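The chains carry the letters A, B, C and D, assigned in the order they are written, with residues numbered from 1 in each.
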Amino acid sequence: MIKVGIAGATGYAGAEIVKLIAGHPAATLTAVTSRSYKGRSMGEIFPAMKNIVEIECEDMDIDNLCKRIDCIFLALPHKISMGYAPLFLENNVKVIDLSADFRFKNASAYEAAYQKHSAEKLLKKSVYGLSEIYRNEIKNTDLLGNPGCYPTSFLLPVLPLVKEKLIKTKNIISDSKSGVSGAGRSLSLATHFCEANESFKPYKVGNHRHQPEMEEILSIHAGKNIKITFVPHLLPLNRGMLSTIYASVCENVTSERIRQIYEQYYGRKKSFVRILPDGFFPDISNVRNSNFCDIGFNLDNDSGRLIIASAIDNLLKGAAGQAVQNMNIMFGLDERSGLINIQGAL
Amino acid sequence: MIKVGIAGATGYAGAEIVKLIAGHPAATLTAVTSRSYKGRSMGEIFPAMKNIVEIECEDMDIDNLCKRIDCIFLALPHKISMGYAPLFLENNVKVIDLSADFRFKNASAYEAAYQKHSAEKLLKKSVYGLSEIYRNEIKNTDLLGNPGCYPTSFLLPVLPLVKEKLIKTKNIISDSKSGVSGAGRSLSLATHFCEANESFKPYKVGNHRHQPEMEEILSIHAGKNIKITFVPHLLPLNRGMLSTIYASVCENVTSERIRQIYEQYYGRKKSFVRILPDGFFPDISNVRNSNFCDIGFNLDNDSGRLIIASAIDNLLKGAAGQAVQNMNIMFGLDERSGLINIQGAL
Amino acid sequence: MIKVGIAGATGYAGAEIVKLIAGHPAATLTAVTSRSYKGRSMGEIFPAMKNIVEIECEDMDIDNLCKRIDCIFLALPHKISMGYAPLFLENNVKVIDLSADFRFKNASAYEAAYQKHSAEKLLKKSVYGLSEIYRNEIKNTDLLGNPGCYPTSFLLPVLPLVKEKLIKTKNIISDSKSGVSGAGRSLSLATHFCEANESFKPYKVGNHRHQPEMEEILSIHAGKNIKITFVPHLLPLNRGMLSTIYASVCENVTSERIRQIYEQYYGRKKSFVRILPDGFFPDISNVRNSNFCDIGFNLDNDSGRLIIASAIDNLLKGAAGQAVQNMNIMFGLDERSGLINIQGAL
Amino acid sequence: MIKVGIAGATGYAGAEIVKLIAGHPAATLTAVTSRSYKGRSMGEIFPAMKNIVEIECEDMDIDNLCKRIDCIFLALPHKISMGYAPLFLENNVKVIDLSADFRFKNASAYEAAYQKHSAEKLLKKSVYGLSEIYRNEIKNTDLLGNPGCYPTSFLLPVLPLVKEKLIKTKNIISDSKSGVSGAGRSLSLATHFCEANESFKPYKVGNHRHQPEMEEILSIHAGKNIKITFVPHLLPLNRGMLSTIYASVCENVTSERIRQIYEQYYGRKKSFVRILPDGFFPDISNVRNSNFCDIGFNLDNDSGRLIIASAIDNLLKGAAGQAVQNMNIMFGLDERSGLINIQGAL
């Protein structure tokens, strides 16, 4: 059994990892940390977990923790993670970081969107945890930067098409919509029930921090600098994210060719990426509470205009689920281990 | 007082017109028709209207109706309207049709999207009821085709920019999201509560009937044939619609120039189209239960990429509200008459 | 025109009054105060009001205000109101207070539930603003304590039955459910979107401050001390409140007799209290955005068990709407003035 | 591995059983039937199940089915089940029926609420599947009538108190609220999104079919005829049910005594019934997607009035989850087998 610790276990993403590890057949939860809830059990903080997960929250004491864990999930705010990660690595504890701190190769891109990086040399070492794309690199790393939710929903459908040169790299648009849990558990007027309910709006148009993350990864695979257009919106629902993506196909690219490439990247039996049949499009409710990413597309041959829609659960494939999938890969387990009982519920 | 009749008063749009006319200072409701609810009062069918609107539903008896009304709102299914409209016109009753039957100039475009047209010659005579754009024509017509909800949310922000040649006519995209009331009051699995709630999805990708309507109007004003990309989505909320629109500006077009044009088209005091300040974007909850259309935009000068978002209440500015606004114009009343007390509520 | 001021205009109840007065045919809004938003216009703070209400928020300067208003609505926190009310009264400005400060006759009952009262002698003078019951007293007062939302939904159906001795005063139960706007606009984890959405729970069981308010009014009319059982619950919707009430009828009381009494109290044409026909029960969506209270009931003759359900919009009949209704009565206007265009929308 | 068949696998309850069995460590799904979807796979009908459950729907062919299964779940309409059950029993297939057909001991009570019973003698043999109460009987039966959702949420908290004579059997009230999935997957205006969303109302006041079911079970344990007051309401959320229950305690009964009895009935480690600490009340969101029943209570010593609230997921503990729990008991498995990974999600 892999001994697992979770830092920041009482945020939405942290709590999801707790639940996943609690039900995981090959991992066991040996430590959870929380500044706000020290000394209280998970079942007390989240009554939903009562009688299932009763582990108690503790302070972040690195030495003490490292004796008891093989792997740490850092579900901490940006900037905080980069301080802790090196300490765990020194103690031979594998690190899966859910913040943005280890997602970038290029420190200046990170610093433009976030702040000064204090562990810059680790960026070379860290692997971007888009599981289906970086599987081989993930196997061999002990430091993983888990992707953002928007980048996951965007890159899974777009990256193979860019890599295989099926679409033009100019004027790619992602019109993305996220459920409110993406904004986390801290209070704000925008996520106050009466303000978000029966409401819908774009936000951070042209300056969301996930945009440089998508652009860096895409640029690496294209071999050239790519700029995209990205507009996030807030949906009045708890969990789920859908990106509608617009691009132009390269000459002579057909719908069949696109399907073939998707099949090549994601077609393995029991894949978490499901390519829908022609004429079908994803629905957030079909991936809710699951680690799946559903992708549908439509190509208008006359105009060469390609429309793709992809849906994930922002807290699972967009955060905690993909993090556990990455843990499975890092420890040589079946990739779906512990992730398949959380079925897309009603 | 204008004597008003409403045909199809028990659908969502029809019932909204009933409520608007019931509160209108210069109009009075003298007849409502309904096939399904003949002989029952509005307050009985919609308990919300009890003690406010107690008029009884009757059959569609043209001769009888025409004696009692100056104006008829047809909130009937496509194809049905075109049969009735000529009969009302012959009796000097002004017709405001909420179906698609009189929105097109080009019968074959209508027929491609809908069915054979039986009153083709009336198409020349009928005026497209996008109030802010066709105000002068509306004043003088007695047959009005009230715009679809998606076209209203798309054309109000886009048409001035096309007309004034501020944006390129190629590759205009409308990523539109509508509340469930847009699908009407008839039952379907897609609008069953448990299927639509906590859900979000694109639908009719590439073949929604509102697309040719938008393209025809845009093409008329551009003086050339325009094709757009349009993807409608279903939002888990009752009423409201938001379109996020992507276009490329023509050379040397600045943000200030765009604002200037919007000001020119919509800047009159008390306009129903509100152009938001720089950095602000519309929210469906700000136009709910109102006849307003809110528009915000962002221009990326480097790429020339323009992002516009526009929000309306699909049942009001997208249907019943704009229909009443058009009645006001047709009868020479203040355009806001009866439309300003339905304020965007919490 | 009545010149109206609103103190605390940027909370949910305050903002509703702003909208109602803005659309009122016999009142005009001459001043709004807000500590947090001083110097900003209502349309700027609430974009929904843009182009409708552009009045600017000012500080609470009593002398200055009193010159410009005939009537002040105090939509302020408990305790704050009791400090201001006397100052307005001294200046011959009528006071409609939406806090609990002037709802009680008995200072000690108020103090047990809230805090020390600083204007105790005004309690004798102030009138409890349950419009349909205290109409005559309201006509002649210049200080009104506007009822709480739960008390309104409970007292309207129960008070006539207690007064006319149709039900036993022991073991009356109110199982009440409120939309989230009842909790106001200040942030809390319980009203965070992801916590309240798809959720439902009782709260403050046995210790909600509205309980002594209901008990005092009921006791006054019964001529004896009455204790009730009251359990409030939080509904995952923006606005609306429904109370399901259980009581035992006195001997020989029939369903017809109950209906007769309701008719006597509320049967006037155009009443805001609508008694539903046998077999019908209220639905929150039928009173949403309206000032109505809908009441339905069922009497089981074998057991003598009476079940009543009553529904209101908590922000309108439960706060701002009833406050404006009371202003209408205090100033001798038609009771429905300015309140009938806010129709129960879809 | 237990070989499991599910009849009526495409309704909401049936589909939940499919998902539970698909993730069950000691059971395997060998057949699913559906009249409407014959020949189509579960993953095709419910895209959420794609890549997880791909079994194909077949016709109800008893002989063929019985060769392949040890146990059948009947998720069929009332009346249909009673025709099939005897046929499975003859073939030594254990039957877990989710309809009302085998919940009653007294055929005439069943017939008063439903219709003529065609397998009346099986009623003696069948066991009422309230798992925590009838555990011993369930172990030894091969015909189980799975409880209704309302009865489960009512009987779990009330039955122990009645049995141990802690509360009076007169005037017990259950004010119950259910999510919309309780109404099933068939279409109706009441469950149309725009009608149910932002809405709340009582329904079937005084004549819901679950009332005689609760009364029969309660009467059996009380040794006398008990009548209750039951009012169901429709909540605007997908899944979850909460009952607020009012009763009077017998003389000298204390809060401690009630807790002691609950401890005795439900206190085993890993119980699915969780008794909350003093001052805490259940929230539907804490039991969502889980098989738990959460119970909180408050006793007012002065009046002897007891308030209890209990929450379940209507599709799990209220239907599919309890059915699988019963299967576990019938086959001698750990009662929580396959039921603990479906954790109450956000």
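The rule is short, and it goes like this: contacts are C-beta pairs under 8 Å (C-beta built on N, C-alpha and C of every residue); 3 or more make two chains touch, one makes a residue touch a chain.
Keep in mind the model is a prediction, meaning the values are calculated, not measured.
**Q** Applying the document's contact definition, name the chain pair with more C-beta pairs in contact, C-D or B-C.
**A** Counting C-beta pairs in contact for C-D and B-C gives the edge to C-D.
**Q** Need the most distant chain from subunit C, centre defined as the mean of C-alpha atoms.
**A** Between subunit C and every other chain, the largest centroid distance is to A.
**Q** Quick check: how many Å separate the C-alpha centres of subunit C and subunit D?
**A** Here the centre of subunit D sits 39 Å away from the centre of subunit C.
**Q** List the centre-to-centre spacing of subunit A and subunit C in whole Å, with centres computed as mean CA coordinates.
**A** It comes to 47 Å between the two C-alpha centres.
**Q** Please compute the C-alpha centroid of subunit B, do the same for subunit C, then give the distance between them in whole Å.
**A** Spacing between the chain centres: roughly 36 Å.
**Q** Could you tell me which residues belong to subunit A and also touch two or more other chains?
**A** 12, 181, 194, 197-198, 236-239, 282-283, 285, 288, 346
**Q** Under the stated contact criterion, what part of subunit B meets subunit D in this complex?
**A** Against subunit D, subunit B makes touches at 12, 180-181, 185, 187-189, 191-194, 196-198, 236-239.
**Q** Where on subunit C does subunit D make contact in their complex?
**A** Its residues touching subunit D are 171, 173, 175, 177, 194-195, 197-203, 205-206, 227, 229, 231, 233, 235-240, 242, 244, 246, 281-285, 288, 298, 300, 302-303, 305, 307, 309, 311, 346.
**Q** Could you list, by residue number, the parts of subunit A that touch subunit D in their complex?
**A** Against subunit D, the touching part of subunit A is residues 12, 15-16, 19, 22-23, 46-52, 181, 198, 238-239, 270-272, 274, 276, 280, 282-283, 285-290, 292, 294, 315, 340-346.
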